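The same chain A turns up in both complexes below, where it pairs with chain B and then with chain C.
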Partner chain A sequence: MHKEIIFKNVDYYYQQNTPYEHKALKNINLHIPMGSFTSIVGKTGSGKSTLVQMLNALIKPTHGSLIIDEFKITSETTNKNLNPLRKKVGLIFQFPEKQLFADSIKEDVAFGPRNFGVEESKIKQIVENSLKLVQLPLDIMEKSPFEISGGQMRRVAIAGVLATNPEILVLDEPTVGLDPKGQKFIMNLINKLHVEKNMTIILVSHQMDIVAEYSDNVIVMHDGKMIKSDKSNVIFNDEKLLSRYNLELPSSVKFYNKLVENNIPLGEGVPLNVESLSNQILKSFSKGSKRNG
Partner chain B sequence: MSSNNIIEVKNLNFKYENSKENTINDVSFNIKRGEWVSVIGHNGSGKSTLIKLLDGLLPIDSGSITINDNLVKENNLDQIRKSIGLVFQNPDNQFVGATVEDDIAFGLENNQFSRNDMNVIIDKVLKVVDMSNYRTHEPSKLSGGQKQRIALAGVLALSPKILILDEATSMIDPQGRNEILDIINNFRTDNNMTVISITHDVEEIKLSSRVLLLKSGMLIEDTNPYELFNSVENLEKYSLEMPFSAQLSRHLINSGLDIPNSYMDEEELIKCIKKLYLKM
Partner chain C sequence: MDNFIFGRYMPGKSKIHSLNPTIKIIMSFYFIVIVFFANNLITYVSLFLLCLVALRFSKIPLKFFVNGIKPLIILIIITVLLQLVFSTGGQTYASFWIFKITSLGLLSAFYIFMRFILIITISTLLTLTTSPLAIAYGIEKILSPLKKIHLPVETISLMISIALRFVPTLTDEAMNIMNAQRSRGVDFGSGNIIKRIKSLIPLLVPLFVSAFKHADELSIAMEARGYSPEMKRSKFKSYPIEHNDYIGMIVILFISLMVIFLRN
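So, the complex of A and B:
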């Protein structure tokens, strides 16, 4: 078993051999550790969404190959026998609530496990567990998914993917369009799955505060190319790289830089959230007071 | 003579037909010309209903609204709507033209502008939103941020006295959002335009001089960003995120640092930290 997801010389062309041919991914070589929380950042059109759709073989490499555990996916791979891969990799699209379709919330959440051949006797328990995970009350099960609020619909859509018990969870902008409270709820849920169930998380997001706060690794994409893949503290320490690709710095790093500009010495290494920044400030104060004594 | 207030709302009430309770409940407030006012509150607090009442899209049950010295009523809705420009969350629902220029021209044609005037105005507003190179592009092929700029240009072309933003920046990335907010703020100052924004976004609220809080159809607070950010309780109650500087202040205060308990923006907080550091 591989401990990593591996992209090897992967190209992806939309509408190949037509006048509209568009190279969405160009020679991607990438290792994503299993069990990590990895975020993918980059401007609109940089190839982020194309890259993550490959992870459960919704699209296949035009050239090169992708290895996830015992699965190797190339341009030759047929859709036969892909069910085990799709069970392993749960993919949550942008605005997943748009894909709700069943008459009741219960049926919607049950669709995935049923599709993967889970015995009918176990379905009820799975649906209940999944709704509990996203903290929806069980008495809404019989309701239509279209009767509930937008934030709740998104939770139902996520429950539907969790019901298939994936090892790798891929999320494309899961917090867009939600109010701050809804965003926090979704991110805490994802982080909990990562920490408590050791789920591998692959997150596409343009919200740098969220990326900095939660990720171990960050991948920077630009114009279909993988520019850099590294630990998140390394990426966010590289202001040049981020400004070159028009990426925002997290609020904590921006504030850290302003303090340093104002000659307040802070320790090495940029803070990735408000807590670390606060600790660095306190540390520099206690050092200062010792010095002046 | 035109009065100092561009909007006057008095004892406004509105109830939807199938609903038991009033959606707008005895609401009164005035807005001055050139003000930027944020309207905040939970989903279902009545924010969007209030906007529809201002624009005459819903009939008033009792009370009154005056827009630019005109009473909002059946026979002068044309007049009212000429004063108000609306920009929504999803610009896709707002496009009618096949090209960017057609789309902006559509609103102008409805207002009987000559072909010549139209061209001048289209040039001008595309420049304002920094999209002059996209004049002949198809709106549907633009990025989210670009679409929102074109939607805004279409509204600004009609020189509205009042611009209403209904969560207009919630779908664009932070950089795009800041650019659009800058564009709007500059246009507002140059043209003494009034801005009303319905929002959850802290950056957007920071730009406003006043904040109206709605709850269950009632106006329960008429305040400003400083007062609002000062109270953690307020922020949690209205599902808003604290500005970063306020989050950091709270952490530092909890760790025993001698920092004032009132809201400071980033510059003020940096000054305060620097002062403390130099005192040591």
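So, the complex of A and C:
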């Protein structure tokens, strides 16, 4: 049994052998440890979304193989019996509210578990738990998913994926198009799932502040190639790498760099969120006052 | 499905691509009419050669083209088989129950086969080498005489170009929704017919919702920029008639005369 998700020499070509052929992934080799919070960053068109779809065997490697626990996906994998894999790996797409379709919120959340063969007697409990997780009041259960607000629709869609109780949760830009409060809510929810339920999180995002704050590992993609995969503090310490691939620094790191440039001594290691930045500043000040006094 | 090219556009800069769209559409229809005049080997072969030459000039790889229209082969084969076993007359080669293979049957099966191939080739070539916008322009020009009877030709052509413009958008959308539902455990395309139809609901409902949303947003965007169907509109792109258009017309006229003289 592998305690990792392993990409081995994975290529993916869209529309192979036609003039439209497009190489979306080129020789990807990756290890994502189970139980980690891993973020994938890169410009639009760098292959992030293709990589994510592969985790659910929605597309299969043109060459190479992908191993997730007991599942192995290669170009020869058939479309049959993929549901155990899809139950294990929950996928939340960009704008997940687009996948809502049922008459009521209750039915929509129950859709995934039903497809995966969960007993009807347990469904009600699962739906209620999932809605509680995303903090929606239970009395909206009977409403149509099309008569609630956009932010609530997204929460219902996320509840629909969480209802299938995945071990690995893959999210493609889950906060895009939400207000800061909504973004904070979604990220706290994901972090809670990671910490409390030890869920493996794979997050695709353009927002470096979010990536820096929450993830253990960061994978940098560019033009279908994996450029670097490392701990997040290592990645965000490497300003050259980030600027080379047009990736922004998190605002805490930017602030840190400004302070260091102006000869304000801060401890080693870039701060990945506002809290550790303020801690470093406080420390430096208390040291400074000791020296002066 | 990925290989299927019927109705798709492949950008390029060949002589066929740069023909005037109006003339290209008219020539294609004219060609299809001629196909029905052909009734012996030599006429079919000459039309077939014309297709090959046009394909050559379009710089579309032959292998790609053949692979692209392969999915239609099943349709052709069924029609050809029906023609083969049910038409009677001439010499009988073999018979089985109510089916007979006769010389006339063979001949008409061959003709049907050729007709299919020719019509599919030329119409695929038309859509492969003409952008959706150019097609809408061509249709507008062809319909323009109908303005005399107060038909809103420009509006119709705008509707066509918007519809064509949104085909790839909605295809992408459908793919995304399908993927989202598949990862929630829907298995499209398996099980009995009722199960299959049922599995389409989670795809179609969101697709309709998004199509209406697109339409709504587009209409607001157009109104915000002062669109009015009564206004006279200018074109961003012009399609002048050039040498190659005349050459094309002369060639196809020549071939059509040839077909009429050579047919039985």
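One rule holds in what follows: the second predicted complex is superposed on the first by the 293 of 293 C-alpha atoms of A that agree within 3 Å, B and C clash if a C-alpha of one lies under 4 Å from a C-alpha of the other, contacts with A are read in each partner's own complex, and residues count from 1 in each chain.
Going forward, a residue touches a chain if its C-beta (ideal position, glycine included) is under 8 Å from a C-beta of that chain, and two chains touch if they have at least 3 such contacts.
None of these values were measured; they are calculated from a predicted model.
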Checklist entry - Looking at the overlay, what does A:N29 touch: chain B (first), chain C (second), both, or neither? => result neither
Next on the checklist: Under the stated touch criterion, which partner chain does A:P180 make contact with: chain B (first), chain C (second), both, or neither?
Outcome noted: first
Next on the checklist: Between chain B and chain C, whom does A:E275 touch in the aligned arrangement: first, second, both, or neither?
Outcome noted: first
Checklist entry - Of the partners chain B and chain C, which touch A:N246 in the superposed model: first, second, both, neither? => result first
Next on the checklist: According to the stated criteria, A:S75 is in contact with first (chain B), second (chain C), both, or neither; which is it?
Outcome noted: neither
Next on the checklist: Looking at A:F255, would you say it contacts chain B, chain C, both, or neither? Reply first, second, both or neither.
Outcome noted: first
Next on the checklist: Under the stated touch criterion, which partner chain does A:N188 make contact with: chain B (first), chain C (second), both, or neither?
Outcome noted: neither
Next on the checklist: So chain A touches chain B in one structure and chain C in the other; where do those two contact lists coincide?
Outcome noted: none
Checklist entry - Contact residues on chain C for chain A in the complex? => result 2-3, 10, 60-61, 64, 67, 173, 176-177, 179-187, 190, 201-202, 205-206, 209-210
Checklist entry - Which positions of chain A touch chain C when the two form their complex? => result 14-15, 17-20, 53, 56, 58, 79-80, 83, 86-87, 89-91, 93-94, 96, 98-102, 111-112, 114-116, 146, 160-161, 164
Next on the checklist: For the complex, give me every residue of chain B touching chain A.
Outcome noted: 43, 89, 143-145, 170-171, 173-175, 200, 239-241, 244-245, 247-248, 251-252, 255, 257, 266, 270, 273-274, 276-277, 280
Item to check | Interface residues, chain A side, partner chain B - complex | outcome: 44-45, 149, 176-177, 179-181, 184, 206-208, 246, 248, 251-252, 255, 258-259, 262-264, 274-275, 277-278, 281-282, 284-285, 288-289, 292
